[in-house]
């Protein structure tokens, strides 16, 4: 008797399982047909790093401080920079990323003092060799580099003028104060 | 090893050795089991590990504490968030860094989601080992939603590097919260369906019940932790016994069973999924506003000279970090006590006397992740 | 129809190859359809798309796959026992062609209707295990050998309830000719009067074809590929082909024995026949994509302790009732 | 910090130097420095008091103290109590195995042997576990070196 009820229960559980699969049979597939539909990428999706445009410069604002190169656990960033005429900070001459080594930890973004590093939005890059993943991050900024340098110099000049003006104003104020002091003393 | 491929020597003609793995569909990575068999019955089993040894402990000695962050989630790629956040919590405790409330809650939400995703993957692969392919894809479908949710804040889908010393990288937004809540509701509706398809299925029950006993004594001798230990009847969970972070503020049960066989381990994990769901919901309802990063994080992390130990509960059990500092920015030594390492060691004893078919079920039920064993 | 072939070709020596070609073509087209259907059914049950790229709804996908398999290099591993290894796929496949020639697709469509067709069908289908064992033994691989051994035990265990359940039908129909069995069911199909025999037959047939949840000989998560681990290219293709062909055969047999063969209203006979066969095939797929695999000893216990006694009891009751009526 | 196991330990092993670190970040309740010959005895006490061997690792201190240091973590589950036992092993000498007391020590000791070359006497299977068989290196030794040197941040960041 027990055996019969076991068999009955067993078959019932099997039928229930079949009920689940047949219900799904008539539902819509959840597949995203990738090359035809693009996956929606998260806003903070981590990817290869890029130099992002700063509005006031019209180009990136990398100052070749090498912070990202130093923090990178995988040694995948290499930067050389040099001082340009009329600029207070350095400017990178090369900014190479070996994306094949990158582990997308995001530490370089954390340390960037000018916040000019960001993530690329291209998530489906593929290649046939390691060399395909050696990115030159300055590539996209080559064309506008001269104008950017001009803008930077302009900004630098303005800043300098401002500083001069402030210093002058400070000095005048000081002198004035001194005069006043002197006046007070005299009085 | 010519001895391994010879069938039947003169003294024992009817026994033979079988190499299961390192390339085998159900060894979950690159595990090799050296089985000594008589017919289909296992006389002795010897797990051989180390095929994916990447020397994370050596790497730790060659970089500073911050640079080790991406390594953490690559040890156990299925519960990377727990490892990553756990490592952050260890260093924070050592250097005495306060973490903002909001960041703590976000960490709990993400860790528990990660735990669910790990359990779902285990659920699917166990069923695949038993020959049921459809539950595997159902689990992946649900797991995919978790990965999407975690992708929203951490930017990665598997090897998260979301935690930082003093907080997390990104604040959560309303979309994250609403999607998480929707997912919790969805999974709660989904679990009865899983029960119909799998748990109550007579074939599944017969396959899992009464095999692979890991009893209390074995747990004790092999230092087995996690769901395997709880299935044997020992109520032990690092989250409850040695609360780290803010786990003492949540109300959750530690599911236990008494038998310690495959089915008990299965049930413990299934119950853990719903407990984790409840923790996620509690955390979201209590989520305070505020910053997600401590205001003053030292630029140089150099803990005082000494030895430290910190443990968290990963999806597979007790994950301990033993950190020795020499007072500089570079650690003197880091050792990771990973749960699967001890859990897999029991296979030498547990597999004895079972068959090849049971082997895949038992291996599946202890939930091993090989990169975590090999480190 | 066999007579027609002889009339067309003049000699039986031309007619036989022609008939074999026709059967192979018939099987090939159906197997390709079933593989496509299997992939589609599996996909939909798992909320996936299945093949979509080649042909309408991906219908040509399996043809492409077959072309790929055919164009692959035939690799013979060095350690195998060459003769057995090479002959095994052929041994497995030949009986299937023989069986196929016996099925009445409709009232007039049958190659040859023997009086003892049913015995032939069962005998030939029992031969498949020889091919499987040859493959497993000849591969000289432990996984293959385990698969082959499991396969033999399983086949022995399930032949018995299969034949016992068929006997109940034979007792009722009082004939072993497939054509006449179908004719006997012109009023009611035997599934109505013999539901238990039908269920036992179908379960045993699923096990006989090594389909999930009884796919123990080739359990890929345990034995990698079972008996066909060492095969590749079109030799593997033949095993694959044989699996799906034997699915067609057991479903066709079930249709003939229990569902009334080609009989049905309005539509022509062979359409009914295929509708029934494909419905049963769908049922098999449904099993496969729902259940986990049984363990070996459970499978044997299920066969010997449940199916055989039930089938015997069913046979006994049938015999008594038939005698009394 | 008081615990029944401590009384037994102190009465049986007078050479044990114990430090209470329950309130620090050390992560264990008591830390003991013990002599090599006492290790098996101490482990037996822990085993009989219902502790489990949670972790075993090694430190390469050859540069300073000319020693290897083995670190054992014995843990009691309920209530949680963790004891750290530190044992010094001179370079080139063997450590006593405790794999007959704790099954978990079997693999842990193999790992220590693999990574540091510290072998354990009477271990049932003193072979490598993580690296390849027949390798002639022990990767976690400080003088093992790395393939391409330390990461840049390690130098000067």
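Order of writing sets the labels: A, B, C and D. Residues in every chain begin at 1.
Please note the rule applied: contacts are C-beta pairs under 8 Å (C-beta built on N, C-alpha and C of every residue); 3 or more make two chains touch, one makes a residue touch a chain.
From a predicted model like this one, the values you see are computed outputs, not experimental measurements.
Counting only chains that touch, the fewest steps needed to get from chain C to chain D is 2. Of all chains displayed, B has the C-alpha centre closest to the centre of the whole protein C-alpha set.
Highest inter-chain contact count (C-beta pairs) belongs to B-D. In this assembly, the C-alpha centroid of chain A lies 43 Å from the C-alpha centroid of chain D. For the pair chain B and chain D, the distance between C-alpha centroids works out to 24 Å.
Work out the mean CA point of chain A and of chain B, and you get 31 Å between them. Counting partner chains per residue, chain C has residues 45-48, 289-291 touching two or more of them.
Of all residues in chain A, those touching 2 or more other chains are 14, 17, 20-21, 24, 30, 71-74, listed in ascending order. Contact of a single residue of chain B with at least two other chains is seen at positions 63, 66-67, 134, 138, 141, 197-198, 201, 203. Of all residues in chain D, only 25-28, 31, 50, 52-55, 57, 59-60, 71, 73, 77-80, 82, 84, 102-104, 106-107, 115, 128-132, 139-140, 142, 144, 146, 150-151, 153-154, 157 touch chain B in the complex they form.
Contact residues of chain A toward chain C in the complex are 7, 14, 17-18, 20-22, 24-31, 33.
Chain B meets chain A in the complex at residues 63, 66-71, 74, 134, 138, 141, 148, 151-156, 159, 161, 164, 169-170, 193, 196-198, 200-203.
By the touch criterion stated above, chain A contacts chain B in their complex at residues 9-11, 13-14, 16-17, 19-21, 24, 30, 42-46, 71-74, 103-107, 110, 119. Remark: chain B residues 7, 16, 18, 24-26, 40, 127-134, 137-138, 141, 197-198, 201, 203-204, 206-207, 355-360 touch chain C in the complex.
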